[in-house]
Amino acid sequence: MLRVEAAEKSFDGFKAVNRANLVVEEGAIVAVIGPNGAGKTTLFNLIAGIHKPDTGKILFQGENICGLAPYDICRRGIARAFQIANIFHRLTVFENVQVSVLSQQRKSGVLFRPAQNLAVEETNSILASTGLLNKARRVAGTLSHGDQRILEMAIALGSQPRLLILDEPTAGMSPEETTVTMELVKHLSQARGLTILFCEHDMDIVFSVAQSIMVMQHGQTIIQGEPEEVRQNEQVQEAYLGGALSLSKETSDA
Amino acid sequence: MLEVDGIHTYYGLSHILFGVSLRVEKGQIVCLLGRNGAGKTTTMKSIIGLVRPKQGTIRFKGDEVVGKAPYTLARKGIGYVPDERKIFADLTVGENLEIAERKARNGVGWDRARVYEVFPVLKTIESRRGGYLSGGEQRMLAIGRALMGNPEFLILDEPMEGLAPLMVRLIEEQILRLRETGLTVLMTEQNVASALRLSDHSYVIDDGHIRFQGTVEELKANDEVRRKYLLV
Amino acid sequence: MKGKLLTLSVLVLIVGMLLAACAPAAPATTPTSVPATPPSKSAVPTPAASVPATSLGRNIKVGIVDTYSGPPAAFGNEALKGFELALKEINKTGVLGAKIEYAKRDEKFAPDVALSMAKELVLQEKVDVLVGTINSASSLAISGYAKEQKVPFIVWTAKSEKITGANGHRYVFSTSENTAMAGKAGAQGLAKKPYVKYWIAGDDYEYGHALAESAWNNLKKLKPDVQLLGQTWWKTGEPDLAPFLTQIMAAKPDAVILATGGAGMTNALKAAKSTGMSDRIPIWIHTATDYSVLKPLGANAPEGVMGTMDYHFYYPDTPDNKAFVKAFQDAYGTPPGFPAYHAYNTAYFIADAFKKAGSLDKEKFIDALEGLKIKSPTGEVEMRACDHQAVLPMYLGVTKKTSQYDFPIATDIVALQGKDIMPSCDDIKKARGQ
Amino acid sequence: MGRNGECGVFLAFSAHPSLLIRESQRMELTLNLDALSSQLVIGLSRTMILFIVSAGLSFVLGVLRVPNVAHGSLYMIGAFTAYTIMAALGNNLAGFWLALLLAPLVVALVGLIVERGLLSHLYQREHLMLILFTFAIGLILNDLVKFAWGAEYRSVMPPEILEGSLTLFGLAIPRYNLFLLVSGPIVAVGLWLFATKTKIGKISRAAAVDRDMVGVLGINVSWVFAASFVIGCYLAGLGGALVAPTLSITLGMDHTVIIETFLIVTIGGLGNIWGAMIGSLIFGVGQSMGLLILPQYAVVFPYAAVVIVLLLRPTGLLKSVW
Amino acid sequence: MFKGIVGSRWRLPIAAVSAALIFAPLIIPVFWIYILTLIFVTALLAISLNLVLGYGGIYQFHHAVFYGIGAYTTALILTKTSLPMWVGFGAGPLVAAASGLIIGWFCVRLTKLYFGMLQISLGSLVWIIVSRAYSITGGDNGIHDIPVPTLLGSSNGVYYFTLIIFMVSLVVMYLIVKSPFGCTLQATRDNPQRCEAVGINVRRHQLAAIGIAAFFAGVAGVLFVGLERSVFPGLLFWVFSLEVFVMCLLGGWFTFAGPIVGAAVVVALRTSVSIYTDYWTLVLGVILILLIFFLPEGVMGFLLKRLEPRPIEEGRPLADVAG
């Protein structure tokens, strides 16, 4: 479904992404891992069209989407939830999701019909499935951090994507929230057949949810494969876990 | 030296810290561990005064410091190295150090020459602009810059983040050397291994709550905490 | 806490200054009370006592709309002084037993504000006559409103020829000279000189263009062989005119027609002096010989600049003019400038017209004003009946330093009679499309 | 700020009857080398005034992120104060130098009061609120100038040695313009030395990028801001004092300068002082050169220049701190 | 169509104010009816600016240009052509909207202050053309004594005409604000990057908003012609734009009705304070500063906060589990 081939991107001479490769199959849950600063977020920005890669190709359903505007990429079916809560602070929770749903339904330009009567069902169903329904009237800026992150994901779902990109979906969440969130992600994948690409620090989550894992370091793809394959790869252990080799062994034993 | 007692901090309306408490004794290296977004940086910013906790107290050398401007805290002897690369991009390395220089109260203080002794690399790039440094160079410069204010107490927010292993080793060595000069250090880290090698005492923060505190040995022994709140 | 205190004290300071600024106006009467105290520090002390029964029944109320803020405020204030002086004299004897009082409003050189203020004066203050303003656009806007409301409106400073020309009507009058007259006067002066190659330059707005057009068209008529080498227009308020003048000098014209006024005039004269243009090339500027322009420049003012002017406090050297200048000087400490002269005349036009009309009826007032002659400090001035334009002489002179004043004055003055420099009544009819 | 805008119109857009262009013969003479060089000198001297004023604006924009709409009013106060000093001491060199020295200081003092008393409490607000605030300050200052000096036109002369014109290349160039030509670079060099050689200059450059971090280094940012604002005001006052002898000092002189300097600062890159220099050059020299070629269109130049520059480089010519 | 759009608590006050406005000419002196009419015109202009400024977060620094273009278009058609009057009244807003789209097309590729400065430049070019095209627009003298339909001959006629158009425009603009378009516009203000990510073409959306705002500014311009029967270049001078800008901030730029309050305050103050002092801008300056310090969200923002407090934070239901 999505294919990144040898993408490169530099900022002021610093190569944030350097020959990254990624394959995401339809319906799969794919994780990207790597130390802080490895270029995961930049890679996602390239896919979402926020930056244009210097070289390389990004193919979505066989079509090169390099250089398309973000809104165009979204309309092709890629939605993205951001690492930091990237919501509409002055709008209500309902409106936050509604904006996205309306955009997906191509109704953003409708002038003379009250928005509050449009796309209500779709919006509510997304709010319900993310557990935000009882907070629908709240102004988004007043939500807790965890709720903002969930709202973030709900906005992404509003565009009815085929591929959902999640940037550290559980960062800053409590273990309970994390569990709920990852259950939601799995549910979305199974019930809606959504393809999911995410990056995450929490190895437990990565290894329990992802069907395929791509490891990045210094902007480069080290390996992409099934969890077990990745876990066994020495290069990954060396690179990703740095000097903490002994500890990581402990973990995998446990 | 530093006592943080039950602070609650908000960004706008979102509640980040929920009653965080921690203590740092003179001469210690204390480490605050936690994942991305757990509240480490907010704790550091609350201490240095960049955000003001709504509740709770922070005492430094016995004085209440909540609500004080960051510059007064710096003058009281707190040095701060932020996690983002907050090097002044328009200024050269030398200028970055120069503006931070302050006369030491007891005579022998830090000056540029002494910082260059600790980080010889910086001397070779003295006239390069901050914006053109690599990540490791920026990190060294940030630490050097904090030292120029002659702190008694140094706050390091993720000093190893994004650094190559070799660089991590170098920074670790320097931190240990600094401790020998009598400096007290509070650092945050995601890289558990590195943090544990350095510190005397550790706290684990998650979701704005302190979930664990104890010596390094205790943390090493506590598998559950490590698995639950850290990445390992 | 300390910061808060400081903030508070600064705010208090500001409020204090605010009150100080308003203070002179504080005793202003409520809009309905009849003897309206002019809201100005230097206002005429109009007796507050009620007026004895008169043939008019009540006092005459004049509404002034003029600019009292921004650069043109200098003219607004000057006109007000002349008007006040005249009222003081008129009210000594009264007009048919009544007095003339006034209310003034600042139009901020903005026509929309001018309209609001005119409407306030007509609808709230119920003034009998509107007068004003320095701004031609405002004058034209008020003129339209005056026509609609059938209220007489006398323009006393604005110089657009449209006011009594193309846009003229029964309810608008002008006691000031206009661009058509000034240009014609200048042309008559220039036609007598040997210059052939001209350059035109000036403030790029209506006044500048209209003046230059009038001067040039009249000059062409009087002296068909003149040539125009080129033109330069700068935006009004352009601070430094030196680059413009050096560019003109490079073209080496025989003479330059400079169409500028107000603050721009001072800038132009300064640049003419500093670039040496005034020494090399003859320049004609309308109002260059105005004392209010030359006074601030003092010794810095260029000599040898030709100027046309509608009023000089030192010319004509008649007893009437001397008396006027002395009265003005005693009251305000400075000799009168041209706005004061026109406003002074306006007051007498109003007083005499009401005397002639014998009633407060506006239509009768207008009938009385048409063709009315008053005795001005410089001689008799007539309000021409066909276009409601005051017939004023124009004085052509050259700036020169004298021992008498510490600034140059106009010398070699030639007086051009009003009837010779005004458009004919037929021309006016044509312009109005009648 | 009043609305004295109806003044100021340019461009031979359509035929005003007086624009008898057909009659005028285009003068090949105007394009000779003499004219060119003398226009250049005068254009450059105009650049200097623009630079001094807009550098102050840019400095405040860069360090404090405050779009100071009252900057023009401060410039006007500088000119009026210089007038008062020069008029009091007569037309002599001492009065001139004293005015150049004191007038900017007076303006700086006004700036200090505004900053300490009011502005320093507002740095956390949105830019729009800061625009509103400085707009209000401008309104107040303008009326205070009217209150203090009245509405009459004022004029001062340059001291005698700077009066009149020098003949260079066969063309007269006012001496005062030559003096300005020298003063601009002095200010530029002074600013450069300040920004690169003094500690407070370096700190202010650092504060432009990250004010929080400067505070963390033990520097009282509040005073750095105050100092920066005062320097900005000083430059506005200096510009006003320098320009005073070349024009008539009137109410409303803030108007043209505020719009021009804002445009200059924008095309140069907000907050970039060297950008302000380039912008001033474009405005000053561009306009006086444009006069030689297309005298009719010279005054449309500033706006056209901004449109062209911003369409090609949406954030100004040089790097902006915004 | 209107169902549920206006909160029930607002219906009674709105009805009361509307009724008061309808019967106002019976009670209020004719001059204050004129001022009221002027307030409607100015308020319409201010609200149209706030569509892009408050709801769109766009730094529309030179909004008055569209007001002036609307007014001039109507004035020119009424004076220079023999077309029916309604054509003139209809053409004003349309030409204004078209020029809004043209100027906006250049500007939307820039952001914030750069947007504002480019717009000031482009707007000033229009202003130059208008004040320079003597033979067409009368140059800086403007066009005066414009013939208007007899309906507008009396002060009450103008009042009701302006009131009706004003009310209709208000309703339409309110519908737009509450429509999907308006909702999305607010989203682009809060977070343009996120909007792109959910498939919204932010620039095009902003451009459309500028066009709509210019249209209503044009309506205000037409009303101005009806009221004052004069046009002049000052209508599209940048300082006037700044004044309108100030009205929005003063009234409260995050509220719908705020700019009405701002316009009313400025127009009423300007008229009444000017009677007593020549230092009215000083008064305005002090009022603004007091407002910035004590009512940072503007008059309406302050009132709304008093009347409809935002929901109080409910804590973190999911998070408060001790570890």
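Letters are used for the chains, namely A, B, C, D and E, taken in the order the chains are written, and counting of residues starts over at 1 for each.
Going forward, contacts are C-beta pairs under 8 Å (C-beta built on N, C-alpha and C of every residue); 3 or more make two chains touch, one makes a residue touch a chain.
The structure presented is a predicted model; accordingly, all values stated were derived computationally and were not measured.
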item: Of all other chains, the one whose Cα centre sits farthest from chain B; value: C
item: Chain pair that, of all pairs, has the most C-beta pairs in contact; value: C-D
item: Chain whose mean Cα position lies farthest from chain A; value: C
item: Approximate Å spacing (C-alpha centroids) for the pair chain A, chain D; value: 50
item: Chain centre separation in whole Å, for chain E relative to chain A (CA means); value: 41
item: Inter-centroid spacing, chain E versus chain D (mean Cα positions, whole Å); value: 32
item: Chain centre separation (chain A, chain C; CA means) in Å; value: 73
item: Per-residue overlap in chain A, given as positions that touch at least 2 other chains; value: 142, 144-146, 174-175
item: Set of chain E residues in contact with two or more other chains; value: 131-132, 134, 139-140, 232-234, 278-279, 281-282, 286, 289, 293, 313, 315-316, 319, 323
item: For chain B, residues contacting two or more additional chains; value: 13, 15, 206-207, 228
item: Complex interface listing, chain B residues touching chain A; value: 12-16, 35-38, 131-132, 134-135, 158, 161-162, 165, 168-169, 190-194, 206-207, 223, 227-228, 231-232
item: List of chain D residues in touch with chain C within their complex; value: 2-4, 6-12, 16-21, 23-27, 29-30, 32, 34-35, 38-39, 42-43, 45-46, 49, 91, 113-114, 116-118, 120-121, 140, 143-144, 146-147, 150-155, 157, 163-165, 171-177, 243, 246-248, 250-253, 255-257, 287-288, 291-292, 295-296, 298-299
item: Residues on chain A engaged by chain B in the complex (per definition of touch); value: 12-14, 35-37, 141-146, 148, 168, 171-175, 201-204, 241-244, 246-248, 250-251, 254
item: For the chain E and chain C complex, residues of the former touching the latter; value: 29-31, 34-35, 38, 131-132, 134, 139-142, 144-146, 224, 228-230, 232-235, 270-271, 274-283, 286, 289-290, 293
item: Chain A partner contacts - residues on chain E that touch it in the complex; value: 1-5, 172, 175-176, 178-184, 186-187, 189-191, 193-202, 205, 208, 254, 310-311, 313, 315-319, 321, 323
